[in-house]
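Sharing a structure, written as structure tokens. Questions coming.
Letters A, B, C, D and E name the chains as they come in the text, with residue numbers starting at 1 for each one.
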Amino acid sequence: MGDLFVLAISCIFINNILLAQFLGNCPFLGTSKKMETAMGMGMAVVFVLVMAGMITWIVDVYLLKAMNVEFLRTVSFILVIAALVQFVEMFLKKSIPGLYAGLGIFLPLITTNCAVMGVCLINIKEEYTFIEALVSSFAYAVGFGLALVLFAGVRERVILSRVPKPLQDTSIGLVTAGLIALIFTIFRGMV
Amino acid sequence: MIKRSFFALSKPRLTYDLLDTSLQSAEPLAVPGSLTLLLPEKIDSAKKALIGPGDAVKKGQKLKLYDDSTPYVLSPVAGTIKGFDSYSDDFGNKATYIMIKPNPSAKGDEQWAQTNLEQTLEFAVGHLGQIPGALPFSTLANPDYDIRTIVVTGADTDLLCDTCQFVCSAYADQMAAGARILKAMIRADRICITVPENLSVQVDLDGFNILRTSDTYPSNLPAMVMKDHLGKVLSPGTIPENEGVCFIRPEALVSLARIYETGHPVFDKVITLIDKGGKRYRVKATIGTPISKILSCFNVQINERDRVIIGGPMRGLATYTVHHPVVPDMDTIMVQDRDVIAELSDSACVNCGECIRICPANVPVNLLVRYLEANLYEEAADRFDLESCIECGLCSYVCRARIPLYQYIRLGKHELLTLRENA
Amino acid sequence: MREMLSMIVVLTVLTAVSGGLLAAVEQTTRPQIEEQVLKFQKEPAIKEIFPDATNNPIQERADVTADGTTLQVFPAVLSNGKKAVAFEAKGTGFGGPVGLMVGINIDTDEIIAVRVTTHSETPGIGSRAKEDLSFVSQFAGKSMSANFSLKKGGGDIDAMSGATVTSGGVSQAAIAAQALYKKLKPEIVKQIAN
Amino acid sequence: MTNTKLIVSHAPFWHSGDSLFQQNLNFLIALVPAALFGIFKFGAPALGVLTLATSSAMLWEVIMAIISKQKIAIADMESAVIGLLFGMMVPATMPWWVVITGTFVAVVLGKYVFGGIGGNPFHPTLVGIAILMMSWPAFLDFDTAYVSYQFDFTALAPLAALKSQGTSVLSSFSTYDLLMGNEVGGIGSTFGLGIIIGGIYLILRGYTRWEIVVAFIAGILITATLFYVLHPDTYAPPLFHLFSGYTLLGAFFLAVENSSSPVHRIPMLVYGFLGGFMIILVRNIGIYPDGTILSILLINLINPLIDVIKPKALGKGVSHA
Amino acid sequence: MAQSLVKEFTKGLWAEIPPFRLVLGLCPTLAVTKTVENGIGMGVATTFVLVFSNILISMLRNIIPSKVRIACYIVIIATFVTIVEFMMQAYTYELFLKLGIFIPLIVVNCIVLGRAEAFAGKNTVIPSAADGLGMGIGFTMSLAALGAVRELIGAGTLTVWGGSPIFEIGHGYIPFQFMVEAPGAFIGLGLMLCLMNLIGQK
């Protein structure tokens, strides 16, 4: 239990998927101009990542490793994630329209998001157990959401300040993200 | 002007001035050789005006531009219309100056003689809309509001001003009479009057519901009086009238009483002039008198780049011309030397939080100003309480970056209205 | 229906072709990949640990197993005829796992030398563990039963200044090597005897 | 009189007289005791670094304004404060080119790119120091910086010594010594008493928000006490933390930077407390010897999120009659 | 024909150069540009996948039913990604170690799927190949440029291929380490973007 807690803390802060592992940067910059959007994306990622983390772990251990075809990992993971996103989208549309309306436009974005694929691959590379993989997927997703929301908070203000013209928009967004990555090194070595 | 104190751990406190008792009466000023009336409607060259240069006007005559227009002014004298000029205010609202040359020999008060002085609201709306003190009859008659409470601002709303206090003490009887007339016209349940809690002058206020207001600015502003004394907090974007409350000047009641007492219209307005040194002068001037006449009467010298402010230091309006006339709601004229004028800047908000500390309405001014600068008015209203602002001007007074915040906010509200009207 | 069928057929065929192709590529590249891994990760370290080896430890590598633990070992015959073995153990440093190749004299259970193999430490700070030998050379000559903890933790090893975390990782790896060696030594001796 | 040009400006026509220049002038005044002490202790090189840092920061501001054809805004002294604070946080032996590179990073990456005054989401000086720390840590190493000096006290940076040698070194640093600046460190960051006096001056003058300072110090003391009470052998006592390293400078001068800190009361308290808490967390379980710089940058980062906790605006939520 | 081919090829080199113009594919851009060498390696690997997946997809575009088109594209792309992965492991192992997880992640690189969907699925083989090659080279150039800036400032060297630098600033230079650290990647890219905006404005 304690180990899982440490794992979770480490995935959220120390090895933050965005700021320490460089995964999921396109949505990081794309969906952080408004707090509302950022929160929607954060929630969508938590939802999909937890499910993807579990399913790809099962696929890897019970299919790929069992049949000794690990070289199909990339192909099968991406298919699983794409199918999952499609399925989640259909399911939500039918059964929880409220949530679907909230997440809607962010779901398709997630398929081509390094963070989801990356975490699934990390789970395998680190040889996590199923429970560890579950915790790590959830915690990485929370870390993604946290970084995204923090970034959006700052960015909402930066957009309103008098940023020199050539630096506006993505450029200053990247500079801000860099400083946030610098700040996140504060958590290094804490577990 | 009040300075930031050396140790400023607590927020600055600005206090109202009490009645200047050295001025016992208001000096009457002779009718000048030319008067200017301000009509809040612009001239439409496509339409044929009812009045034009050369027309003779009678004292008390109702002057309108067109048949179908609502705004009107009353001519304070008998004389001749000399011409028109256009005038535009702060937000580009257009109005018209009507120049009149008085003719002392003309007998021109028939207009009023012909009219029966009815004590009804309909009559008042049609004929008393421009009496000194500017009683808002059209508001009182507006069927959208259900005005049950009248609040007389016996305590002046802006700093330095003491006209209202003066009117209350000098014309207490007439004020009470005016209140009875008003009560008869409308269905008001009660008439309140605000009085500074430390006012030493004894004023007879029988029949009024007395509200003692504190001496700290902005406790005399309508929204604060509503909250502190009437127990009604205005929701953002509403005005006292929405809650059935109407704020009027004491002088409006005095004028009402005088008109029904004498059967004649009155046009002399009590005005306090505050010169550069803070010395006050009290004058009774005919509506339409150019400000320059009042200034020269007291030998108040105006130099290049000085300011002439109509109203008090926190909420007044600087005028660009000393020819601007006395209007029915003009109580105070303040002259400010160019040397004491605080420099404003176009700096960005530095987030010092001074405005947050002082804002009586808890408006997050630091963020609000960012959204206003970016022209995001809807967002400013939804998330940053633009409409909660009671327009006291304190944020601008303390702003460390010297941003004209008060003006931004007024402009923001104006733009928001335009936006919503166009939507 | 036709559309459905064509969807299924196309996807299945595509996936099958992809699987076949990848299987073939994997088969062809496997030996080359194994060689690369050895060449880049292990060989340099082993060469430094046993500069005077008379055999080729890489070629003579073998897997030894005991109690379900498998370890790849590199046996060496030194120029003075002594027998030695090298294997890799892992610890956790500042930026991730730190691999440590440990070379041991089988007869005396003394460390001949250790070298960092893989790491992802900060260049110039933690990476000194690999580049600057003054730190790892502390291990040389120590017995496999010595205390490999850092001095801060009560052991014998001086941490690198400014890189205590990396130092801790290396120390962790050395301690892991101790455990492995203890467990697998009989098997290793058997293997080398062959 | 009739044709006199009048000034048409907007209400209010009074101003409290406060200005950015006043604020920054007072900031500089408040920094004087600690800076002077640094000059006495570390001699001419310290004076050189402080002057160079202050002037180069102002120069960068001018250069950037000229390049981007903007109004030059050094008269508000904001960049002087950024520069002086930078100088006060670095050792007296820092080479000139490191100083000017540092102030360049602080002024340009910390402030200019965000649109200048009021736009910076993080404390510019801290951005400069943090980036320098990551790039050229050797120039910020106080243990090696003063090898040529002779001191009559332990010439070890207290926090670095604590990190590398554990609590056994604590006996070499008395609370009195730390408070009176008998330690090595940044030019202006060692004289605790001077910093406290300057800081209190600023609070009284109303130029810093006391809530932040108080909550910050409370965060440090409470967190450090918790650690200390649980494991007195492993962790340093609270006062050691409060008086060593950049802590006091952080509490009184860095965490309170306007643009990057909250303005509402509860957010200020949360902000300050979290800053103090993170510092102790970093020192006790993190990798950095001193956590002040990154902790303050971290609370700068969360500032926009927490500064939405504010008292309800007048009439908000009141239903229409 | 030849003219339009040239156009398909060159648009990726400036007008639509990823990731500057299309703000996509940021992860590899940020993560692997510590050195020019890494940038080029990543770029070449991505180019390989782009060209071959574009070719194959344009060949099969009439057979693939539109409803499962994305799935098919993904399978094709993933196949080539895996091939690259094996090849790099076998022949450029050191580079493979440095690029790590970002090689399999080419599969989710928005640029690759983006080109498949936007171009190869609608065009014939030769233009698709030209498009893929142009975009790939543009991407490689961007990574190399960012890598050059970061490596030069952050390490004082330029390493194009094979591990040893082709250029060193000199022994007096103390590398500005920040630029090769994670935060430096964001800021480096942000400032380069600013530079491109400045050039674009003129």
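Simple rule for what comes next: contacts are C-beta pairs under 8 Å (C-beta built on N, C-alpha and C of every residue); 3 or more make two chains touch, one makes a residue touch a chain.
These figures come from a predicted structure and were not determined experimentally.
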Handout entry: Touching both subunit A and subunit E (chains)
Key = C, D
Exercise for the section: Quick one: point me to the chain whose Cα centre is farthest from that of subunit C. Expected result: B
Fill in the blank from the handout: Farthest CA centroid from subunit A: chain B
Handout entry: Chain nearest the overall C-alpha centroid of the shown protein atoms
Key = D
Problem - Chain centre separation in whole Å, for subunit C relative to subunit B (CA means) - result: 87
Completion exercise
Between the Cα centroids of subunit C and subunit E the separation in whole angstrom comes to 32
Completion exercise
Chain centres from averaged Cα atoms put subunit A and subunit B apart, in whole Å, by 59
Handout entry: For subunit E, residues that touch 2 or more chains besides their own
Key = 71, 75, 78-79, 82, 86, 175, 177, 181, 183, 187
Exercise for the section: Would you mind listing the residues of subunit D that make contact with two or more other chains? Expected result: 109, 115-116, 118-119, 131, 134, 287
Exercise for the section: Identify all positions of subunit B at which a residue touches two or more other chains, and write them in rising order. Expected result: 348
Exercise for the section: Chain pairs that touch, all of them, please. Expected result: A-B, A-C, A-D, A-E, B-D, C-D, C-E, D-E
Handout entry: Parts of subunit D lying in touch with subunit A, wherever the complex brings them together
Key = 68, 109, 112-116, 118-119, 121-122, 127, 130-131, 134, 278, 281-282, 285-288, 291, 294-295, 297-298, 300-305
Problem - Touching residues on subunit A, where the partner in the complex is subunit D - result: 149-150, 153-154, 156-158, 161-164, 167, 172, 175-176, 179-180, 182-183, 185-190
Completion exercise
Residue set of subunit B touching subunit A in the complex reads 348, 370-371, 373-374
Handout entry: subunit A residues touching subunit C - in the complex, by the definition given at the top
Key = 69, 71-72, 75, 188-189
Exercise for the section: In the complex, go through subunit D and note every residue touching subunit E. Expected result: 101, 109, 131-132, 134-136
